[in-house]
């Protein structure tokens, strides 16, 4: 039986880990992801799960343990944030290169310097070339749902690629929310048994993984790796639909909120979508044709689907919770503009950076953005393509 | 007196470090950058320079030492490659966030897995959000010239931002080349004396750097940081012109090779430009209107200047020596398409990934690309926007 | 060598007004950050009669809550005591010279 | 549990034909990689008369160039000797039981 409970994002992930009971959990505590790992350690100590819990000396080592355990043939998970993900960075590429279906919960937090423990997306955006699938969650319910689906996606024979499920630090990780936890057996059944492809522990078929690879094979191995993430869209879609059938909450690449006859829209990810939806409702009540697109899957980037939806609009504001210093705009903006390049009719697109280091974003700021979009839609002119929201300028 | 010598890329950088005699050099050896650090260590041991040479236990620590020494007020440099840069990744953001004008020579090498020691751009492309200025070099001469200019750019009062100067592993780092080394005194004079802004060793004005910064100041500090890299274009241009006046080799954001009346062009970076130029010459001899753009400065990305040049063309092929798994194309391609977004008349743009893990690229492959571009230019049709060069498919 | 603005001058500063590189121009400003406000549940009581002034409490305190003068422990500075209790744990005397006692906290 | 193709089958393989995850299906294939071809300048000569079979050379050799059987050093396997000379340095006998001597190399 599913049950309605009050949990925060971290507790919801810990619940999912308890239900899935992975073979190995290797993690190093870091704010704001600590309570995930702490709770799982308690579950192991209490005998609720029989996962091998490894607490190494750093996040670099935590990911290394995950890689070793996954290469051995285990179902493996971890959790981290910010500097923790940054210290794992070298090993992220190795997990993906070895096609190991590790699942990681990443609690988004700003990167130093200066030190800040609050939420923004600079950590996972910085890992956007690492080869991992990236799924962003609006709230604790989505974090829980996405984390469960992540195992199915990562472990699918056509994918075999690691997945990170992210949600905003403190705003989601530490705020209590009324949500649904599904029945233990139903979750176990949905996730299913894991069957590794080339486990190192299969001593009858000895292999080497990650060997030295000179100019004669590296290129082929890398393109072979890319096939996994290129196969992911079909699987992400199937798993999202099946999850919907079983549990009543269906997932795709992005959520379209009141987009049917929208002329202008905001595109963003994660927790700010909640506030944005309220603003959309207010403006819709006034008869304005505004909508919202909440991107769920950033890697693989659903460029064609997204471009198709955006190309029908007059003006779009892409809201990034990260920067790409020296680039012409933040990451989501750049990839969105690029995706629309070949369309003869394109909306005007502007970019706002918001919420760095956990800075609040409120309905007032969304109103400001929609006012700007309406002006652009009516005049056809963009005076400034890039700006900041709620910054002291 | 300048002199003509035969050096490889690493020796050229070591020569520049000898001439500049920085206060601190902190580095950990890694293929193919090792001989830079090895040679500098020898220079220190032989008393040719009085730099403090620190050999820490990892690249993470090497960058940490650089940060400490630069915050103290020193002129600081390092060198690394691939997994070394990957292990520094966490600290790269901190160097940039603290606005420390560290200069690093990065010898481009493919990232694991699988292990490979040859050249591609996955390492520095993965650091494109770190806040560092990135300058790519075609050959040893450019590596030397760019490295010298990097100190002027990094230390300029309006910039105060770290700079990485990159060149391709083995192809440039280990291949001998006839090049010009400028006079010691002329180089010292060009680079000038370094005057830190807020040195920690200024005990009369005690300060704290990199403190904890909550939601009240982090956003402002980050945008304040961005000002440095946004001010860089003017300084990069001035320094490149001044270098030209003093030493006869002028530098800008990109080199246009036979672009005057070109209708199609290839855009790429680093060592492959040499081979591409030969191919352009061959095709020009046949009367074909083909050209080449070799991008030198990737961060800050010269989006406006580049778009202006490209917008006049019929078709462009962007050649990336890195991938962005799950994105719609590789990094240089995505940013180039995005830069051209607002132009009513845009060239057709296609993307090729080449040379991963050091795979050769030869004139034959450039001919293949130009043939494709001519077909696109004449038909106006793109059948496939993304592909690989010299891959076993 | 630039003279940085003080923290007071930087209050509500825009991004343009901040010194570059996250420089905090106000040395030792952790004195102004009263971490004692984080304390909840228990607080340490110093008992001078049994104290042997080994300074273990001072060494182990993660903040600056143990008041020491001329090598002698004088008491607790509650402005900086987070209530972690390590001072009591590490105190070697019998009975302990620092004891954690219940503290009623009024949430402001 | 999938049976991977052998390295021989994978020679000149396209990216589509490779096993996923950089799996190398050929265990212990470093045996086929003759690192001795890297050697230049000097090679080790084993002198059995003074050898005390302490196996220091075997322990220190970074490759598999020291031939040992039943706890006894039998000689050098030049297929895997890169010529680093650590065996000579670490040999504790006087005179040394391994000596590095000049080797003429013909570049192929």
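Note that the chains are named A, B, C and D in the order they appear, and that numbering of residues resets to 1 at the start of each chain.
Definition applied: a contact is a pair of C-beta atoms (placed from the backbone, for glycine too) under 8 Å apart; a residue touches a chain by one contact, two chains touch by 3 or more.
These numbers come from a predicted model, not from an experiment.
The chain pair B-C and the chain pair B-D differ in C-beta contact count, and the higher one is B-C. Separation between the centroids of subunit C and subunit D, computed from CA atoms only, is 60 Å. With centres defined as mean CA coordinates, subunit D is found 47 Å away from subunit A.
Annotation: 39 Å between the Cα-based centres of subunit B and subunit D. Within subunit C, contacts with two or more other chains are made by residues 13-16, 22.
The set of subunit B residues that touch two or more partner chains comprises 97-98, 113-114, 209-211, 213, 217, 219-221, 223, 225, 391-392. The list of touching chain pairs reads A-B, A-C, A-D, B-C, B-D.
Listed in rising order, the residues of subunit A touching subunit C in the complex are 113-114, 391-393.
Listing the residues of subunit B that touch subunit A in their complex gives 60, 83, 86-87, 89-90, 93-94, 96-98, 110-118, 122, 125-126, 128-131, 133-134, 209-215, 217-223, 225-226, 229-230, 232, 299-301, 303-304, 322-329, 331, 333-335, 337-342, 346, 349, 355-360, 382, 385, 388, 390-392. Taken in their complex, subunit C has these residues touching subunit A: 12-16, 22.
Chain contact summary for the complex, subunit B toward subunit C: residues 97-100, 160, 196-199, 202, 204-211, 213, 217, 219-221, 223-225, 227-228.
Residues 1-4, 13-16, 18-27, 29 of subunit D touch subunit A in their complex.
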